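Listed below are the structures to be examined.
Shared between the two complexes below is chain A, which pairs with chain B and chain C, respectively.
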Partner chain A sequence: MDIRKRRYALVIDSRKCINCKACAVACKAENEVAVGNTRNWINEDRQGEYPKLRIDFEPEQCHHCEHPSCVRVCPTGASWQRKDGIVLVAADDCIGCRYCMIACPYDARYFQEETGTVGKCTLCSHRIDKGNIPACVETCPSKVRVFGDLEDPTSRIHELLATRRYHVKEPQTGNGPQLYYLL
Partner chain B sequence: MHEFNWGLLIVVYLFLGGLSAGLFFAAGLANYLEVDGRPAYPRIAQVGAWLAPWPVALGSGLLILDLGNWYRFYKLFMHFRWESPMSIGSWLLTLFTVLAFVYAFAWLPEAGRQKLFSKVPPAWKLVHRLNVDLSAHRKTLAMIGFPLSIGVGIYTGVLLGAVSARPFWNTNLVAQMFLFSALSSGAAALLLVLALDKKRPADQRDLKFLVWMDVIFISLELFIILPYLIHGQLSVLAVKQALTLILGGPYTLVFWVFFLGLGLLVPLGIEISELAPSLLKGQPFHGDRRLALTASGLVLMGGFLLRYIFVYAGQLSSFRQAGVLQ
Partner chain C sequence: MGTTRMDRRLFLKAAGLTAGAAATLEVGCLSYFKKGRSATADNREVPTTCELCPNKCSAIAVVEAGRVKKLNPNPENPKSRDMLCARGNAAIKQVYDPDRLKQPMIRVGARGEGKWKPVSWDEAFDFAAKKLGEAKSKYGPESTLWSSTEGFQEVFFKNLGLAFGSPNLVRHPTLCLASVNLAYSATFGTVPSFDLLNSKYVIMSGANRFESIITPDTMDLIGGVMERKAKLVYLDPRFTVTASKADEWYPIKPGTDLAFILAMIHVIIAENRHSKEFVSAYTVGFEQLAEHVKPYTPEWAEKETEIPGKDITRIAREFADAGARALYYAGRRSSWYQNDFQMRRAQAILNAIVGNWDQMGGMVPNAKLPKGEFLFMPWDEPKAPRVDEIEKHFPLAAKGDGVYLKLRENVLSGKPYPIKAWMVYKQDPLNAMPDQSKTLKMIEQMDFIGVIDVQMSDLAWYADVVFPESAYLERTDPVEVMPGIWPAVVFRQQVVKPIHDTKPNLEIVQGLAKRLGLGDYFDYTIEQWVEAEFKDLPIPMAAEHMKKHGVWAASGQPSYGKTLNPDHRFVTKTGKVELFSERLQEAGYDPLPVYAAPKQPRSDQFRLVLGRVGYFTHANQSNNVWLHEFMKENDLWINPKPAARLGIQNGATVSVTSSVGSVKLKARVTEEIRPDCVFMLHGFGKKSKMQSLVYNVGASDAAVLETAWDQVSGNAAFHETFVKVATA
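Now for the complex of A and B:
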């Protein structure tokens, strides 16, 4: 299949998340993320007090937006979007102005002090290009994360989004986020 | 605590960029307005022209040092990305800075220019070719510079206003607010410099011109801030929540007391009271030196604080977590 005809996305079934953070650890190991930075994280929503306590866990990372505001504001073109939707930073072109960090409504980017450049989730594009799935998806023990190609009608995420109810975060930003959370 | 990606250097940069734009505008206008075929306010035109390029040059230097990779700043000029305000702004700022330096040069008196070039080694022929008298072109240069200076003033606001992820910034009013603040700080800076010069006391006509200009720009700024607040209150939830940053949140005091009160209303009051006798009773304008110093100092402080509040508060505003990051 031609790369233009692909649109990678993640479907997330948060209710299965047990906050083990295996995804975050796997990401750090796979992508050699420096200490203090994180590409993916778990949001906690607490309601009530113990013993009447309820906590919802919800993994999050870069949404690989359809209309990424980070890419729009970047003055050098270092932040860019692949034809298959993955949003990346070309470190060699990044001047470290951090405009993209401010422009990301999901605060999904971080500044790397050592290199003076910005880092973010790559959806493990290096693995995807070899036909593998992202490290966080592979690791998750409770199968919260499903990776796939929205343009492929036979893919699992296609099926999930066709049959289950879901939402995306803050659609009002106009960014067209591509992390689909099942309800 | 949410980390600030942009800090004090950005505040200083936006302030200095705006200040230069305002200085150029005031100086250009003083040159452009004519009485009997000669510039109406030659001293303002000259002092303003000499001062205008420096703040923006300093500010841009600071900004480059603030980059994660300052030596890569040239990459800003390897691309033109019309969707990125920073990309457009870098080009605009460069053009404006170059023009402002040329304009300052055009205002050098003959003797000063010769003295400057006498320091250049005679072997540097190329440099000596630049030793030309541009004084006849001052008006043309000012004409080219007007749109550029207004562009720079607007750009300092658009840089923030165009960020759709930050509801505190994302309104079309921030650009005008920053523009009028920039123009007013330019007029105030000239007022300050003229009032400080004890050797050559300022002409009352010059003072009156600057005070007038400042009153107009402060008023325009107020007319933008008011709708900004009202519109924000009536806007979508995220914007309304973001406004709590200055309506009860951490930036309330500095916004209302130090910026709006001391930085705008007090100097506006002083300047109007200075103009009142000449306006109402037709008496000749008589500016008090100390009042001029106070008013202009306060205006400059207000201009700085406006950038400070917006840069910091804006970064805390968000579409998430009730509109304000902790």
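Now for the complex of A and C:
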């Protein structure tokens, strides 16, 4: 299918997350992310007093926004967005000014000391382009993340977003984030 | 990249298995390898089987430029449920770990000093063979001890010990799950699997399934491929991830689970809610059981467990109503208390009386698959009795596994005979056994210690010679049949050639055997061994299939109810499910589980409880750089109330002292634990400097745990230690 007719997104069912970190290690291997940096992570919210307690886990990564503020502020055009919505950094054009890191409402980018450039989640675009799913989606024991194409009415994420309640993080920024968290 | 791959999303869709979409779980129908794949020597995909823990998940290794770049889950294995956990993903770092053992080494300084001389394989083999020979000629072959942990190449190590003439093989089960195995065997004649995928009501005592990952149980309970169906009631003194996901969590008073279970049985029988058909057709001893549980009322149990009696009554009713689809989940690493066997037996009895045996959503006897056997030259059985005197002290325990803690006591006392040489494969007794100081004493009295391992474990650090084993990604191993509700055959094949001067265990065993005059017993290659195993697999073109796919699973749905016919004989004394056990009575044990209140800590003490997190389960994983990132050192969980009383601030260094040792680590003041317990994670405070990330960082639980064991199975009792905590 024509790339312009695709819009990739993730639907995340956080309640299934057991904080096992499989997604984080799979990403590290797949994308050769240096120790100390991370492209995806799990937020923990621990509340209550013994014995009335709760813990909520919430996996997060780049939201591959509809209107990404990181792309808007990039002075060189190194931060860019594919037609299918994936936000990437062209390392050759990155001057390491880190404006994008400040502009990102989700703190999803990191600076790579070795190369002097900024790194981030690519949604495993190299795997997607070969018809595979992102490494974090594939390896997950409880299948917390569902990957799909919003333009494809037969996709599982279509069904989930049509039938379940969900929210996005920081909607007030106008970035149009594409990580949909089921309630 | 020279590889071509099929569209994974398309075939997942075709199979009706895009995450969460499936209504039924089709097994054995997914193929990663349906299309032909082209590969070059440097870039290829190789199916193999993970070895980071005992789950044996199927993985596809992606090799780029001759290096393992990525491990992807292999959807063809129904047991691993198309996933690979953090540990499995991090196996790559086991290969490329700078701390790895890279060549054979002989100790030159004092034991534990860390002075090593790299030697050739010949030197290492000659040295070990000379030392083992000396022990044999001075004290007899039985003076050698052979300890190992479960693994596909363990068989060669055990065979070397037996061929050498030693009866003293000791394996991990009595540091893990021996009490569960024995209790279910004593009741049903076998250890079943638990069908969590289809269960409606699950109760777990401490089996922290969302952090101690077991396939397929963890995924089936959280609702990985499917949505979760079961109500989960969870008992644990700690608010674990499992507790946070449970429908009901009860911070039970530690050691009183048996009271909870007996009261449930009391309610179910008193209210006539048990399965009459199953009880009358398949069990013996129901009348004795009914009489036995009369005093165990929910009101009585409330005082023991601190769980409200009305909740126990309600849970018992809900459990019985779920009937065949209700499960009291057994769990693994069941080594907690000295009454562990009886507690597990009470679970088995409770499961039996609601009639969940061999039912969809209940307990299911494992289906097995046939496998060929390589016929090697047999040796004479060792003549000497075992040094742990298992027959005398633990007549019902599994003889081949030994009883670890009793064995250590006997080695230290030199009775009934001396043990002077110790060979260890793939195990770290310094961290796996409680009471590290005793293990150090045991080390001191050995004339010789040889260790085969991938990395420099703490025990290897105290050895005389270390034989570096190739990592699993560098080896081809024997074929493994995994019995279960969804039985499968898995194969581990070499993904990359060894990157250091290491050998697979078989070749290490052969090198030793040759010099010990036992070469004829090991005169085969791994290829010959594997070919023989392929022969009887129920798979067309078995060898080709296993090499191409790495796994084979019987397709279709599990078959429930095969043992539910009146002619079926359970492998017990009476041929029935034994609620009352004559065999236990004859052996001098309680034929029905009798409750005795556990000892409780004094007001200035805490009970030390143990557990795991999803990314570290075994002590050998904490030095993996990709896992270490998530937790750089362990800490001591302590409730804010006692912490305030003791003046302990969050993050402050505290000392933890038992009768056998004292360690220091940081405090984590947290609401997520009972005020009378403290908790620390396993796998830190290493003594080996070649575990550089965790050397002397945090604390080792083994250093403070006291020696105690379950009376029937001999399983170590890890939760019987009381400690004092103070600011340090």
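Here is the rule we go by: the second predicted complex is superposed on the first by the 180 of 183 C-alpha atoms of A that agree within 3 Å, B and C clash if a C-alpha of one lies under 4 Å from a C-alpha of the other, contacts with A are read in each partner's own complex, and residues count from 1 in each chain.
Everything below uses one rule, namely that contacts are C-beta pairs under 8 Å (C-beta built on N, C-alpha and C of every residue); 3 or more make two chains touch, one makes a residue touch a chain.
Quick caveat, the model's predicted, so the values are computed rather than measured.
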Discussion item. Is A:C104 touching anything from chain B or chain C once the two structures are fitted on A? First, second, both or neither.
Written reply: first
Practice prompt. Based on the superposed arrangement, let me know which partner A:G96 touches: chain B (first), chain C (second), both, or neither?
Written response: first
Item to complete: Have a look at where A:C74 lands relative to chain B and chain C in the superposition and call it first, second, both or neither.
Response: first
Discussion item. Per the contact definition in the header, classify A:E170: touching chain B only (first), chain C only (second), both, or neither.
Written reply: first
Worksheet item: Across the complex, what residues on chain C touch chain A?
Response: 5-10, 18-21, 69-73, 81-86, 88-90, 92, 210-211, 213, 218-219, 222-225, 239, 241, 243-245, 249, 251, 614-615, 625-627, 629-630, 639-640, 671-675
Item to complete: Using the touch rule from the top, collect the residues of chain A that touch chain B in their complex.
Response: 69, 72-78, 93-99, 101-107, 111-112, 115-118, 169-170, 172-174
Practice prompt. Would you mind writing out the residues of chain B in touch with chain A in their complex?
Written response: 5-6, 67-70, 72-73, 75-76, 78-79, 81, 83-87, 90, 162-166, 236, 238, 315, 318-320, 325
Practice prompt. Would you pull the chain A residues touching chain C in the complex into a rising list?
Written response: 13, 15-16, 18-22, 24-26, 28-30, 32, 35-36, 38, 46, 48-51, 53-55, 57, 130-133, 135, 137-143, 146, 156, 159-160
